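Next come two complexes, and both contain chain A; in the first it sits with chain B, in the second with chain C.
For the complex of A and B:
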């Protein structure tokens, strides 16, 4: 008798619980959905914005669709400003720095995880502490340093700086992958008399391609978006990248809102494309690196 | 200093055991391939990250543009006294503390809460969509974010259209010092919440599923499971990130503030890093800027060391 009563109350509790949890899930999904919308909406707003002229911007609701999309905003900013040139500069500076960072970081990670030597822990520490050195405290000394080398207003200053500043994070992500990579293939290659340099370039580097591409994307995005160094080191128009170019452009065209929206969109598009295709990779890379390291 | 000390030590050892030196050289020669891999990255790091730190010496030396990067002559605490007596310095100092404190208080817990919420979601596609959407803003350039913020908050901007609709008045957000902290923190939360949650979500996947099963059998509801299993499982990650965040407390949002502030909101927006940027690169007073930067770094170092010490005592997890 008592067991039945117990079972009944238990059952009752369960039913109450499930109604409760249904409501709870409803609220949970609503909140998360709202967060997702809030995270994306500003970009959609920006896109609509870039297709309006001042009249529409000032007289209509900010949520309204552009009635008569002004695609000429895009063509105008592309031809009027030096956006095309900045775009090209952004690409080659980004690519050069990414290649250098990934290669150098792979060297270090290989030496730290694959070879046994006394100073490997301190050297790793040296790189990791580098993560914590803030940008603005190195800015003035570096400016002075490049001034000495006659590299101020020379794109090399930016490429060198980007490479150095991305090394620690890149190594951190690579480490996680290298630790999980089995050593047998490399051991076999060594047995066959392969030199360390050949081993690295022909065996290890190809095996680590997935994580190398992850770090390359992350580096690419950071370099593409970088502002302070390029703004400080580069003054002539011919070497400026998109971020600085846009910043100048915003100051110049403060009254033409649609045009500003269009320039902002132009510089976001490459990032959006990279993001849409590769966001999973980035997350996996970061997560793996952090859990292991 | 340290380097010369090391070299002296090396010489002493050298004279004592000549053979050890030879042995070391032989080792280096044997492993030359290792050193070819390391030499470039290490030199690189030293030049770009640590040499600037050594350049901090000019905080105590008079620096002449075009002269030695380590300055011309000792001036002792001249520049230190200069900032102690500089009212602007104390304004930016307290602004840094307030803004850093608010950032830590508001933007640090958000990713944890978000990760916990997301962890409860069972629909895989929905979870993925929300997560992907959440960290998209992290990848936008500061310039873009600042541009969007300036557009949204301008006197004719979108937010004011709404404000005018409801109150009939317009607010010039970006020119009023009172609004700066709200604008800054909101944009930080928008950009950082999803990205910050990645590490927590990764930590959540490592929690043993059988713990939850055992808890369910013992009659623990979801709330209790979160409180007694999920949160303790995330604790090491939370602690490490908290220590790191406290360490970068003083370096709060340099780039974003640089792009968002203007003389009208200096009163709340100007922080140490932006002040030394103006002194150093706009007024070319490198020594003074470096003295302030050094002071800032020392506070940052003390903060991170004490945070690490406290967390080691309390939770037995720490950065090192």
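For the complex of A and C:
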């Protein structure tokens, strides 16, 4: 059969099927759209009840729009509930741990992919196996360890643990990029008498900036949302982050829907804003961090 | 060149900080967990060596096996739901306009903290003012259940919240893998007269078998370790009916200060996760060899 004839039969088949396929596609779009609504609507619902008072929550339909938006719910929890402080703690703890993780992981990845040493394979193996360790299997010894070092209820315990537990994933994502990066530039720099530290900081690190920012974003999301370690190691309000802070705050305000909604919204807005501007990076990072395991 | 790149001092300088961190904070603790499991210890006072007592107690502990059963159900359920995610991803990659935006929308819940998700879903399941029951009442169901207070309904209710949280994650992974299949392969099959279902079943799925394997490990091992959302949403209740291994361990260690027993559970959890990972890799390895 000639290609033209083939194309013709294909065309005919398409025409015959077009009514059917239009309907089929309609159904598919409806399914996909419905899933999108299911994924988003709970958040819209949350936003609505964050602007209501209890009167409205209990007497009106849960699906109604807030009639007279109570923005004061937000200002009230921000000041009354220490939410401002928790927010600040979340930011600095997250950022400190991310900077440490990404820098240390870049050092390791550089040493593993660029330098020659016998133990590089087993050391890489240690980092990769770290991905499989359940947090709960380390929790009691870690608690005891930090207790002995007087670091329980000290933010350093959390920053160090976040760094350690995020290193494996970060190194895994960095590795993929380092392997594909051409080595010529670095080789030329060495030929020109560039020292190894200058090579790392002024040549390699700038070249890997795209993947570094991807891992930084992924790390930020994970740290921002972390719960087990901070809940176990930190007990005073002074050092609590948003995740554990809102958990305690909501425990006290069990019945005030507006305050709970506003608190939850405050904790997720930074993530939603980040997603709005960096969705491609986030998607890329999550995909890279999962599949290569 | 080689001399610069094999400088032992520089290598240690670059590798040791990170290596020391994971050794002290990940590897030493997992060994110690096994060791503390041999102790009677309240976390503050002296440890007393009691041999395998905690481990034998664990084997006879009906509450522990109850939580292990819930973890197993969660793992099974997560693995089965992968089929649905794969189906959605196959649809998304079949010339759907706006597929890229849709998969991003699906991902949003996964970016939120489990604490926020748990609090939100507690409100969604609220007996009188929650979304679910209000909806059920509006379509004429008069006495919808109090989802999180009903021992027989609490696990399914939590599963739904977990699907909401993770669906976008798996769809994203499958979508990326399916997009990587060369268009020419699919076009060739189409010209040979293969139907879309045949193409999906005989070409696309076998080609992403490696990725599917990874997601099975992720879903099952992830479920076995699952903690945050359940701990915040129900605390394992009502009456232990939503307890999972990790929440049971946490309750024993930091609730009733039985650090020895908590360590034994933690060590057991580690063994299960490692064995299951190894087992899935073994079971799926032969399949992959046939395909390529």
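Going forward, the second predicted complex is superposed on the first by the 268 of 293 C-alpha atoms of A that agree within 3 Å, B and C clash if a C-alpha of one lies under 4 Å from a C-alpha of the other, contacts with A are read in each partner's own complex, and residues count from 1 in each chain.
Throughout what follows, a contact is a pair of C-beta atoms (placed from the backbone, for glycine too) under 8 Å apart; a residue touches a chain by one contact, two chains touch by 3 or more.
What you are looking at is a predicted structure, and each value in this text was computed from that prediction instead of being measured.
In this overlay on chain A, chain B clashes with chain C.
In the superposition on chain A, A:210 makes contact with neither chain B nor chain C.
With both structures placed on the common chain, the touch criterion links A:26 to neither chain B nor chain C. By the touch criterion defined above, A:142 lies against chain B and chain C together after alignment on the C-alpha atoms of chain A. After overlaying the two complexes on the shared chain, residue contacts for A:191 are found with chain C alone; chain B is out of touch. In the superposition on chain A, A:283 contacts both chain B and chain C. In the superposed model, A:84 makes contact with neither chain B nor chain C. Of the two partner chains placed by superposition, chain B and chain C are both touched by A:247.
Taken together, the two structures place residues 28-29, 31-32, 35-36, 38-40, 42-43, 45-46, 49, 57-58, 61-62, 104-105, 107-108, 110-111, 115, 117, 123, 126-127, 130, 132-145, 160-161, 163-165, 167-168, 196-197, 200, 221, 224-228, 232, 243-244, 246-247, 250, 257, 260-261, 264, 267-268, 271, 275, 279, 283, 286-287, 290-291 of chain A in contact with chain B in one case and with chain C in the other. Contact residues of chain B toward chain A in the complex are 31, 33-34, 36-38, 40-42, 44-45, 47-53, 55-56, 65-66, 69, 114, 117-118, 120-121, 123, 126, 129-137, 139-144, 147-148, 150-152, 156-159, 161-162, 190, 193-194, 198-199, 201-203, 205-206, 221-222, 237, 244, 247-248, 251, 254-255, 258-259, 273, 276-277, 280-281, 286, 289-290, 293, 296-297, 300, 304. For chain A in complex with chain B, the residues that touch the partner chain are 17, 21, 24-25, 28-29, 31-33, 35-40, 42-43, 45-46, 49, 57-58, 61-62, 104-105, 107-108, 110-111, 115, 117, 123, 126-127, 130, 132-145, 147-148, 160-161, 163-165, 167-168, 195-197, 200, 221, 224-228, 232, 243-244, 246-247, 250, 257, 260-261, 264, 267-268, 271, 275, 279, 283, 286-288, 290-291. Listing the residues of chain A that touch chain C in their complex gives 6, 10, 28-29, 31-32, 35-36, 38-40, 42-43, 45-46, 49, 57-58, 61-63, 104-105, 107-108, 110-112, 114-117, 123, 126-127, 130, 132-145, 160-161, 163-165, 167-168, 171, 187, 190-191, 196-197, 200, 221, 224-228, 232, 242-244, 246-247, 250, 257, 260-261, 264, 267-268, 271-272, 275, 279, 282-283, 286-287, 290-291, 293. By the touch criterion given at the top, residues 1-2, 4-8, 10-11, 14-15, 17-19, 21-30, 32-33, 36, 43, 88, 91-92, 94, 96, 102-116, 119-121, 123-124, 128-131, 134, 164, 167-169, 172-173, 176-177, 191, 211, 214-215, 217-218, 221, 224-225, 227-228, 232, 245-246, 249-250, 253-254, 259, 262-263, 265-267, 269-270, 273-274, 277 of chain C touch chain A in their complex.
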